[in-house]
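Next up: the structures, one after another.
Across the two complexes that follow, chain A remains constant while its partner is chain B and subsequently chain C.
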Partner chain A sequence: MNTIITPPTSTKKPAAVQKEDAMWLQKELINRNYHELATAHEMNRKVSATFVPGNLNELLMCFDFARSLPETNALQNGMRKKSGKMIMDAERDGQSEDVCTYVKADLGMMMGGEIGPTGEALPRPDLLLLSYTGCFTFMKWFELIRQRYGCETVMLHVPYQGEGRINPNMRDYVVKQLKDTVIPTLERISGVKFDIDRLRQYMRESAKAEEDLVWTLQSAKHRPSPIDGYFGAVYYIGPIFTAFRGTPEATQYYATLRSEIEERIRLGKGPMTPDGEMGEEKYRLVVEGPPNWTSFREFWKMFYDDGAVVVASTYSKVGGVYDFGFRHDPDRPLESLAEYCLGCYTNLNLPSRVDMICRYLDEYQADGLLINSIKSCNSFSAGQLLVLREVEKRTGKPAAFIETDLVDPRYFSAANVKNRLESYFQMIHQKRSGSTH
Partner chain B sequence: MRCFIGIDLGSTTTKAVVLDESLRILGRGITNSRSNYDTAAAIAKQEALASARFNLFRGAISESGALNGGLDEFIGQYERDFRLEQFLEQLADLETVCQRNVEMAHFGGDANAVHDALSRVFGTLREEAPAMFALGATRKSDFFRDIAGSRYLAIGEKVAKDAGLRYDMLLNVFDRSIIEVENRVYGESMHGQLELALERTFARLPQAAAQRGALVAPIRRVLDTDLEETYVVGTGYGRARLPFSKEHIRSEILCHGLGAHIMYPNTATVLDIGGQDTKAIQVDRKGIVESFQMNDRCAAGCGRYLGYIADEMNVGLHELGPIAMKATRTVRINSTCTVFAGAELRDRLALGEKREDILQGLHRAIILRAMSILARSGGVRNEFTFTGGVAKNEAAVRSLRDLITENYGDVTLNIDPDSIFTGALGAATFAQRAVVDEGLTAVHRDTAAPPAKAAGAAASA
Partner chain C sequence: MSTVQEIVERCQALYDDLDFKTVQAWKAAQPGRRAIGYMPVYVPREIIHAAGMLPVGILGGGDQLEVIQGDAYYQSYICRIPRSTIELGLTGRLDCLDGMLFPSICDVIRNLSGMWQMLFKDKYVRYFDVPQNYEDDIGGRFYTQEMQAIREDLARLGGREITDEAINRSIEVYNENRRVLEQLYAYRAREPWQAPTSEVYLLQRAGMVLPVEEHTALVRDYLAAAQTEQRPKRDNARVVLNGTFCEQPPLGLIKSIEMAGCYVVEDDFMLVSRWLLCDVPSDGDPLENLSKAFLHHSASTSAKYETRKEDKGQFLLKQVADKGAEGVIFAAPSFCDPALLERPMLQEVLAAHNVPYTAFKYAENSGQMAPIREQAGTFADSIKLWSAA
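Our next item is the complex of A and B:
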């Protein structure tokens, strides 16, 4: 493979877990960002916190900000089994059980001295950049952080795609905010003058990485699918949805990933799982909703043990919907940033989400839709059953519903989830064959 | 003959159904799940096979033309006598284990007195046993642990008092022994018990004894028929513990859907309220599941909720329905959380509300929760089949009927008295189809068999 970054596979790989080289590389990148954050103030860099959906990474890089993404911190803490205590600390501090567990994990982490997922301390942000793309909780979350740290906040208001499309005036409204508010604030706080050509350069890199990401996610149209478009995809989306979009490292990462997947297709291999190569592909699913992070491996195992592969997921589009043609465009930098924010999955209305899922079911030749509804996510869980019913009606394919949580380990009932998944797989089998065994 | 067996390992009880090649139900068996699914599965299966034998006896004797008009009485008596034999055998085993465990209990100088007390307790239990299995006798439970346990405690208290012995010594011995005995499978001894029971029956029914020759021949023929376990399918929460390979395991959703379809072929919607979960299932005209919904992590609104309420009110679980049926109004219970409902119940009692009216409200609260799960699964379509332990509760059924009519209009509501066996029936049907339609043969998984014993079986329904 023609790579610049040497995959740190041989030294760090514990024998028990198996991953593709690109998965190890992804982990290395994410860890590197945590180290950059930990040393940012030492290196006289300003720190910005911002959320994944609608993140303006290229723009922030123009001002040399180190980038911290609170949801990523929470999910990393979840995967590393640290979120349970953080959530309980936040609840002891007065947060209700019903509050988003990403928020509580983040608040709990602050109370515990801001020790990040890798064990290094996370810096206090100098700026909270809120790009508001459909999740109301994001706004409240930053409000809590602002109250605690007294740091500056800048909000980019992104209009909801209530009509299912982006009107020119919506885009102009976002561009105007970028010009009038966001960029001047970033300049003031960072002390760096805005250079649009620098932004264009980053966006050129973004577009290249986006091309390879889309290719990778669409490789699941093959039979057998060479990837898992949900559990595997959360590794693949890591760099581009976080602090690396627009960097040459991300471009390189996606080129490496693509060549790995090309090889898997050539060899007719299915996805790599933590227990090694997946066996026979029996079920092809589309999944809506984020995975559970605290029991991520156990959850995934329930799928691959039964030969179920996820061929497409909406969650893998949460930091940008690229598969219907959108790319960051260096020739129209600010307009393109606006369109990126407006097109985020969380900013789409219900009919658009239904259309997208139906399209996936068809294009990826999937057997059915599974919704993983998040207990503590009030804004996103509303309407999921309507989505399920509508998709069932339009495609005639079976759908199922499970409930877990993002990072609260108390809300993952393995027996319950497994029971439903097994029932669902057997139901697909029964329906597909039209037989009664 | 070839038998197809379905086993449903539930959280509270384990059920088994035996079918013949033409999908006729030969037998049903049920036992408490203990916390040992291996034993529960083995015993439920054995009970179902025993019940299959009685079914075959009935057919064979009926064909022979003997006992014209007295067949029901004879089979009924024979079955009760068989249950008595099973009970006595397990009781003898319990006594042996109890006596042995006295030595392990460090009773010092009291050991001999405890031995004597045990002999007296078990002597009384043996004397009482025939009355417990007599015609018309009611038992609060059909499981050995419950029947033997409650009488042991009652008799033991008196015996200990009379002997000037500490009662807790007898409790200690019982606790040490019951789990060991309860987890034994008395597979080998069924034939012997059937022989002994037959003698008892002849002694009790002189008319039958007069036709001994005509009766023994068909019975012997049935006893000589090998009930071959051709294919077994397992389902329910303990399914992973069943001693056979993955091909023999089916999801309980599929089994309940198919079982309901077999019981009522026009079933479109199934509601199952079991001990720890509530399932709403939509099936097509062939019994294939189209969609389903279940309760999430919390078991409020399931059978356990009623168990908790029964404890709170200090009444038996089976008494809740009849008490609630006496209600003249329905007290609104807002909480679906089991613990909060308990608090609400005490609060309502303190406010002077009548017990039956509160209980009616609690039943309605359970059904309201089920209604929400039904709605999420796609609503109620005609015909609608209600299964699971809670389907036996008349107050729950009344609330369900009212709410279904209110929300979905006139819908045929099916409730089978044997609805607790729905999942096992679906599993057994899958077993029959695997062999008859698909030509599969059984694949066994290697597991340690539960400890076997030479005689007796758990008393059962």
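Our next item is the complex of A and C:
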């Protein structure tokens, strides 16, 4: 079966929320994927589930799998205010209140009849591709799903960059797993024979989209920034971090996005926000950590109401770090997939993460660093207070720290977050005023 | 011959010593000696030993360390062990260590390796990855290379080559230590009133700071001494304690479980010393032999991926059966992802096999033991008084 689908076109937009055309296209792509998932079994397609960091989308497409991303399901449910009940259902079923709320939202969704974010029932996956990249919890997550639903699981263990680099042993290990374990399993379950040229073709598409994604994210170096590199970037990374990397639709999406941003730069415009064009750019920030999804718009509003734009974020690299040169390489497909998995942001050690943030602060001429520390996510959060100190020490720029959660509405305290942000903006303002005297 | 009391007092003193004076003394006894710290859950200590260095298990600060600086590095929702370990480091208590190994167990310990790299720049620091693929020519090859990297690092640090012969000799020494610990565990399971877990635990902890040869002798001495004393046998419930493999429960918690009417006949304390389940061959390629032991004959714990669904919980079930346990107590540190995510799966398996269980959380500095005692006591009563048996 051919996974290529016709390019999307923008549909009529509700008046209440302002979005760029590319944002609407993104939403349509994501919704279309949910529909594909919902109808996959009746179309005789096998369904895979895999995680965003280190996802092997091109490889899965070689076997015609419909592709589900559990974190995306959880965050989409979070944005639609559905995750709170799911989490509590999972806790009533025995999951600890201390553990990741993505996991609990996913388990809760499955307990509630597997109704996906768009209202269509999601099928039980035929395969859990456990690409264990940058997060220990992933491993337990799929073990839990396997335990409950008996799905077949195949592991791709991706070693951590503890020394801040990829050594040949790590790459060879991942490639060997792909060749000897992952690909044979995908062949067996799908009934489709592996065709490396098909993989190369998808990877060529990936590289084109990656080029335009990087251009888009780096457009924030302009003043004013034409994009928000955190809240806006969430939309921009959607297709490439999920089921669309390697498809012509993704290539077209990023080309469309790029031309929109080029136009914004030409017109000297700032980012588009849900309330329309952003006003004067007063503060330029780098943000570390994922966003809160349950109050996403409220959270974003706290920034743009005060003229704060995020010019770079680490979260927008969670599904792949492309801005330092990595591209999927069709000439060495398996090695390149391995390097992609090994290079995702949360697979980097803390000194590398500090280096990256300092570089962003410099290259994007940011005023400071904001860390949104997520209760659910130890992979991101453990060590962030040291990251904050190191960055302040090295750059001399002010940093601030707020705490929220991914999809558990009980852990988003709007008043606290707003107070801290306002204090932080004042601090930047005072520091700036002080430096002019 | 030492008495049980003397041995336990010595172990208690080692346990209470947050300045690692034993390690300092070991180093001072011979110029040029080095010590390498490691965190839970497993590192191949044989390689450190073969380098002529002292492996030192770092298990946090327990309930006697006041954590001041360490708390400034962590949010409230992160477990205790990294913050007390940072405290130990920042207060100079770990200055006696020439390096630290951070094994693959969870994201918190993984990230702590990077923090250590930033905070202690003059020390040798390495994150130690272990395979989640258990095929010899895939995970085994990767793991052997990882061990080789440590071997080369330690050779550089120590200024001398670490030969195959040296590692094989160290494998022998650790085989002996594993054997004597198995004897200890078998003895406790057979006559738990003779070897209370609060004592077995302290003996295990002593193995984290003593040279392995000395520890082996100490455990032997304890076994001999314990058999000379007759202690009262109680009608306690026999339980397996699960979830304590990283952040340690306070000693008072272990005592509380026992006082509540439970004999702990199996546990996952200090898994590093019981990780490998059989003797490692001490001839041939030592890294290959250590790798095969890891891949095919090692303990099952939540830090490891279970390749087959049907194997989940089987290791625990076997522990229950082999040790004649009547129930399982899940004791997990608060915010411990590995233990808390694993727990529902294990509970499901136990329920399917009609093995009773109870569960609670703790922190290494937990102070209130009354709720633990009540819960463990109720659990013991439910087994002894109301079970179908």
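The definition used in the following text is that the second predicted complex is superposed on the first by the 421 of 437 C-alpha atoms of A that agree within 3 Å, B and C clash if a C-alpha of one lies under 4 Å from a C-alpha of the other, contacts with A are read in each partner's own complex, and residues count from 1 in each chain.
The rule we apply is simple: a contact is a pair of C-beta atoms (placed from the backbone, for glycine too) under 8 Å apart; a residue touches a chain by one contact, two chains touch by 3 or more.
Quick caveat: nothing in here was measured; it's all calculated off a predicted structure.
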Which holds for A:201: it touches chain B only (first), chain C only (second), both, or neither?
neither
After the superposition on A, what does A:403 contact: first (chain B), second (chain C), both or neither?
both
Would you sort A:218 into first (chain B), second (chain C), both or neither based on which partner it touches?
neither
Just chain B (first), just chain C (second), both, or neither: which does A:427 touch?
first
After superposition on the shared chain, which partner residues are touched by A:18: those of chain B (first), chain C (second), both, or neither?
neither
Looking at A:157 after the superposition, I want to know if it touches chain B, chain C, both of them or none. Which is it: first, second, both, neither?
second
See if chain A has more residues touched by chain B or by chain C, and give me that chain.
C
Now for A:181: first (chain B), second (chain C), both, or neither, which partner does it touch?
second
Kindly classify A:385 by the partners it touches after superposition: chain B alone (first), chain C alone (second), both, or neither?
both
After overlaying the two complexes on chain A, where does the chain B footprint on chain A coincide with the chain C footprint?
375, 385, 403
Chain C - residues contacting chain A, complex
72-75, 77-78, 82, 102, 104-108, 110-115, 117-119, 126-129, 131-133, 135, 137-139, 141-142, 145-146, 149, 302, 305-307, 309, 312, 332, 334-338, 340-345, 347-348, 361
Taking the complex as given, what residues does chain B use to touch chain A?
237, 250-254, 258, 277, 286-294, 296-297, 376, 378, 430, 433-434, 437-438
Can you list the residues on chain A that touch chain B in the complex?
375, 385, 389, 392, 398-401, 403, 411, 413, 415-416, 419-420, 422-423, 426-427, 430-431, 435-437
Which of the residues in chain A come into contact with chain C in the complex?
93-96, 98-100, 103, 130, 132, 135-137, 139-141, 143-144, 146-147, 150, 153, 155, 157, 159-160, 162-163, 169-170, 172-173, 176-177, 180-181, 349-351, 353-354, 373, 375, 378-379, 381-386, 390, 403
